[in-house]
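Both complexes below contain subunit A, partnered by subunit B and then by subunit C.
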Partner chain A sequence: MALPGEGYGIKMKEFLVKLGKIDRRVIYLLVILAVVIPLIVKIRLPIFISRETNGVYTIIEHCPEDKIVLLDCTWDAGNRGENWPQTEAVMVHLMRKGIKFAIMSRIPQGTGFGREIAEKVAKKYGKKYGIDWCNLGYLPGEAAMIQALAKDIKGVVKKDIKGTPLDSIPMMQGIEDIHDISLVCGIAYWPSEDWLRFVQGVYGTNVAFCSSAIVSSAMYPFLDSGQLCGLLVGVRGAAEYERLLGTEELGTELIVPQSMVHLLIVVLIVLANIGFWAERREKKEERRGIRDEGGETGK
Partner chain B sequence: MRKSASKKRLIVEVIGVWIAAICTLAIFSFLIKENPFYRLFEHIFLGLAVGYTVAKTWTDVLRPKWWDPMIAGFQGVTPFGWLWIFALFAGLLWYFQYSKRYHWLSRIVIGFTIGAGAGMTFKGVFVVMMPQITSSFKPLNSFSNVFFVVTILCVLSYFFFSFRFKFRPIKKVSELGRILLMISFGAFFGNTVMTRFAVFIDRIQFLLREWLRIGGV
Partner chain C sequence: MKERVVKIITLLGGLYYFLEFVLPQEIKGHTTYLSSFIVPMGNILMVLWAFAVGLGLINLSITHGKKVKKLEPGWIYSIAFFIAMLAMMVTCFLDTYHPTSLVRQFYEILFTRMYMPLGATIFSLLALFMATSAYRAMRVRTFEATVMVVSACIIMLGQVPIGLWMTRTLPSCIQLPRVSAWLLWIANTAAYRAVMFGIYMGMIAVALRLWLSLEKGMELR
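After this line comes the complex of A and B, so read on.
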């Protein structure tokens, strides 16, 4: 005969076991809801500025106006979600401060994205191509190119992406080598460490990275050793940067669904572990029951 | 005239957004199960990426940096521009990998590439590693510094494979190193989740804002 409350206990156990076996379609639905709702309903979360984001902001704040900043926009559609808001935030800061910058990319797709964002931001701040910014285009060659570029910019890039000779671009006049660049900002899924090897390490030029969150763990040692002066980590970095600038662009918008999804993942991990624990306990009890029955039969 | 141009641009933009939305949905359809719609767009993406890279490499790199100077050299515009023809011969040596008889010719260019690569790596490793090694010698005057040094010692002891640890305290230190490594892998995995969802959120944001025109900052 079942004891009072025993049925409830069995149901509870079954429910706990089921927690570890949630259908993946249910998880997909929950993820979509966690993303879509914050994008439709305007929600804002408090954003705290990290040391690494502050490093990028501070170095740009102190960039001299007679030198240029080099933006290595080596990212494509695959990492648009993280690198777009980062690029936009950095460009907004540079254009606001009136610091001239040149875009380049180590992959063919990168120059297009960099140009699109620069044109958008330039329109907003009334900046002009050739005077405030320019696009050096696709520069292959990785380490060899970076070393050559540091020694002689115009020797490596004779014309910009539009085919204009660099000497005819007003902002590039007097820009000869790495000593005329105040900061190299590598924006990529995994920014090239060659900038640290052959530019920061050799000439002492400031280097900052805007990386995807996935590789940020590998970048922290460079921050700690002072090789990197700042780091923007994924969307979080972009949102923090926008906070420092006092703007609300893509980073601020994307960080809300990102936080919601992270919360959901934490809840799902906890539920799955409860399910796993309940299942293990049930199996243990089953084994004990079989052993006890065996023992009784033996008597 | 200007009105008609802006109207045309708008139509092109709308068509572009629709194509991007259909591509996104086709790739997301894989979440339900693999299907021909997904396969078709996967192949379109691959073809586009390769085609774009080849075209861009020609227009941005080979033509301005190799072809034009070489032609200018042959036409007598520049004195030594014709020497660029040797770059073509050097590049073509790679293809001798496909020949059993003349395979050795490809080794010449491979040797150059490996030599240059090794030289640059050798130079780069010291420049990158030395500041990190020196920065790991921290004064033990704060909790984070002490924790940093303890972590380094524990993890290094875990990677010491030369002999078996029989001394119990060292064995424990090595075990602690393994646990600390696990924690760092957890951080890596957390960041992986962050990046993957950032990519997904960006696509959903595109579908909502630019395709369906819902919401806004």
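After this line comes the complex of A and C, so read on.
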């Protein structure tokens, strides 16, 4: 005969086991809701400024005005979510400080994205192409190109993306080699370590990276050794940088849905483990029950 | 004969870059002249690299062209490939050499309103797969799995503002962002350095084999 409350206990056990077997379509729906709801309901969360983001901010604050900054915008549409707010935040800072910068890319699509963001920010701050920023275009060749560029910029890049000779561009007057570049900022899904090998290691030029969050753990050894002066980690880095600049742009907007999805994944992991342990316990009890029965019949 | 020429060029190219990096510009008052050629060598390699883009296009065209010619399953997608490729190529050429407002509009439609959202969509699908993979794979079975799951949860929450918000009432030294930063700066750095040491030792061996054309794939048939 069933004891009072035994039905409830069995139902509870079944519920706990089901927690470990949630249909993936339910998970997809939860992820979509976790992304969409914070975009509709404007929530603002406190932002902790990390050491690595501070590093990028500090180095740009101390960039001299007589040198240029080189932005390596090697990202495409797939990384737009993380690299676009990072690029925008860095360009806003450079334009505010009046530091000239040149955009380049090691993939064909990158220069288009860099140009689009630079035009948008330049319009806001009244900056002009050729005087405050320029676009060197797509430069293939990876390590070989970087080594050659460090030795002689105009030997490698004869014209900008519009076909204008570099000598005719006002901001590139007197910019000959890596010694005229105060900072190389690699903005990519996984920024090239060749900048560290052939530029920072050989000439001591400051290098900062803006990478996606998933590969950022690979950059921390370079931060620790001082080879990298700063690192923007995904959307979080962009949001922290915007906080330092006192603005609220795409980074600040996107960090909230990301936070919600991270929280959802942690909750799902906890539920999965509850279900896993409940199932394991049930199987143990079943085996014990079978053994007991076998023992009784054996008597 | 062809194979020998390729191997000699590979050897000389690798030797040049190695010596240029290792040797100083002047040895006992004599200039090594190696650095003088770094820019022309770089330009040659950039041209070869750009050739790879064209080579990729040619290969894709041959593959998809064969599919359309033989009407193999999925040939309609090959037609879509040719239409997309030609549309983008023609638009970009006209935008560069004969820009008009209509060409610019077409470029905006193809690049900003089609290519960018499509590229972002493909990458965003990863978010859904990551959520289901984390749910299925992160089960605490052993001590090592426990350490992994706990540190993953700390990093995931510490890297976003919600971690700071959840632990805002705790002392600052044990708030999630600080614990997460410690894990990344100390534990992760040490482990990653150790792993990369091993990887780079292997890469030196592979690089030597490639330089000396000892790899099996280097043979011309």
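We adopt the following convention: the second predicted complex is superposed on the first by the 299 of 299 C-alpha atoms of A that agree within 3 Å, B and C clash if a C-alpha of one lies under 4 Å from a C-alpha of the other, contacts with A are read in each partner's own complex, and residues count from 1 in each chain.
Just so we're on the same page, a contact is a pair of C-beta atoms (placed from the backbone, for glycine too) under 8 Å apart; a residue touches a chain by one contact, two chains touch by 3 or more.
The shown structure was predicted, so the numbers you read here are calculated from the model rather than taken from an experiment.
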> Mind checking subunit B and subunit C on superposed subunit A, clash or fit?
Replying inline: clash
>> Under the stated touch criterion, which partner chain does A:196 make contact with: subunit B (first), subunit C (second), both, or neither?
In response: first
>> Once chain A of both complexes is superposed, is A:137 in touch with subunit B (first), subunit C (second), both, or neither?
In response: first
> Given the touch rule stated above, what does A:245 touch, subunit B (first), subunit C (second), both, or neither?
Replying inline: neither
>> I'd like to know which partner A:221 touches here: subunit B for first, subunit C for second, both or neither.
In response: both
> Which partner does A:78 reach: the first (subunit B), the second (subunit C), both, or neither?
Replying inline: both
> When the two structures are overlaid on chain A, which partner does A:254 contact: first (subunit B), second (subunit C), both, or neither?
Replying inline: first
> A:122 contacts which: subunit B (first), subunit C (second), both, neither?
Replying inline: neither
> After lining up the shared chain so the two structures overlap, which partner does A:274 touch, if you call subunit B first and subunit C second: first, second, both or neither?
Replying inline: neither
> For subunit A, which residues belong to both interfaces, subunit B and subunit C?
Replying inline: 28, 31, 35, 78-81, 108, 140, 144, 147, 213, 216-217, 221, 224, 233-234, 236, 258, 261-262, 265
>> If we count contacts the way the header does, which residues on subunit A are in touch with subunit B in the complex?
In response: 28, 31-32, 35-36, 39-40, 42, 78-82, 84, 108-109, 111, 137-138, 140, 143-144, 147, 158-159, 161, 193-194, 196-198, 201-202, 212-217, 221-222, 224-227, 233-236, 248-250, 252-254, 257-258, 261-262, 265
> Can you list the subunit A residues touching subunit C in their complex?
Replying inline: 22, 24, 27-28, 30-31, 35, 45-48, 50-51, 76-81, 108, 112, 116, 139-142, 144-145, 147-149, 151-152, 155-156, 213, 216-218, 220-221, 223-224, 233-234, 236, 239, 255-256, 258-266, 268-269, 271-273, 276-277
> What does subunit C use to touch subunit A in their complex?
Replying inline: 17, 35, 38-39, 41-43, 45-46, 49-50, 52-53, 111-112, 115-120, 122-124, 127-128, 130-132, 134-136, 138-140, 149, 152-153, 156-157, 159-162, 164-165, 168, 175, 177, 181, 184-185, 188-189, 192-193, 196
> Hey, which residues of subunit B end up touching subunit A in the complex?
Replying inline: 31, 52-53, 56-57, 60-61, 64, 116, 120, 123-125, 127-128, 131-132, 134-135, 184, 187-188, 191-205, 208-209, 214-215, 217
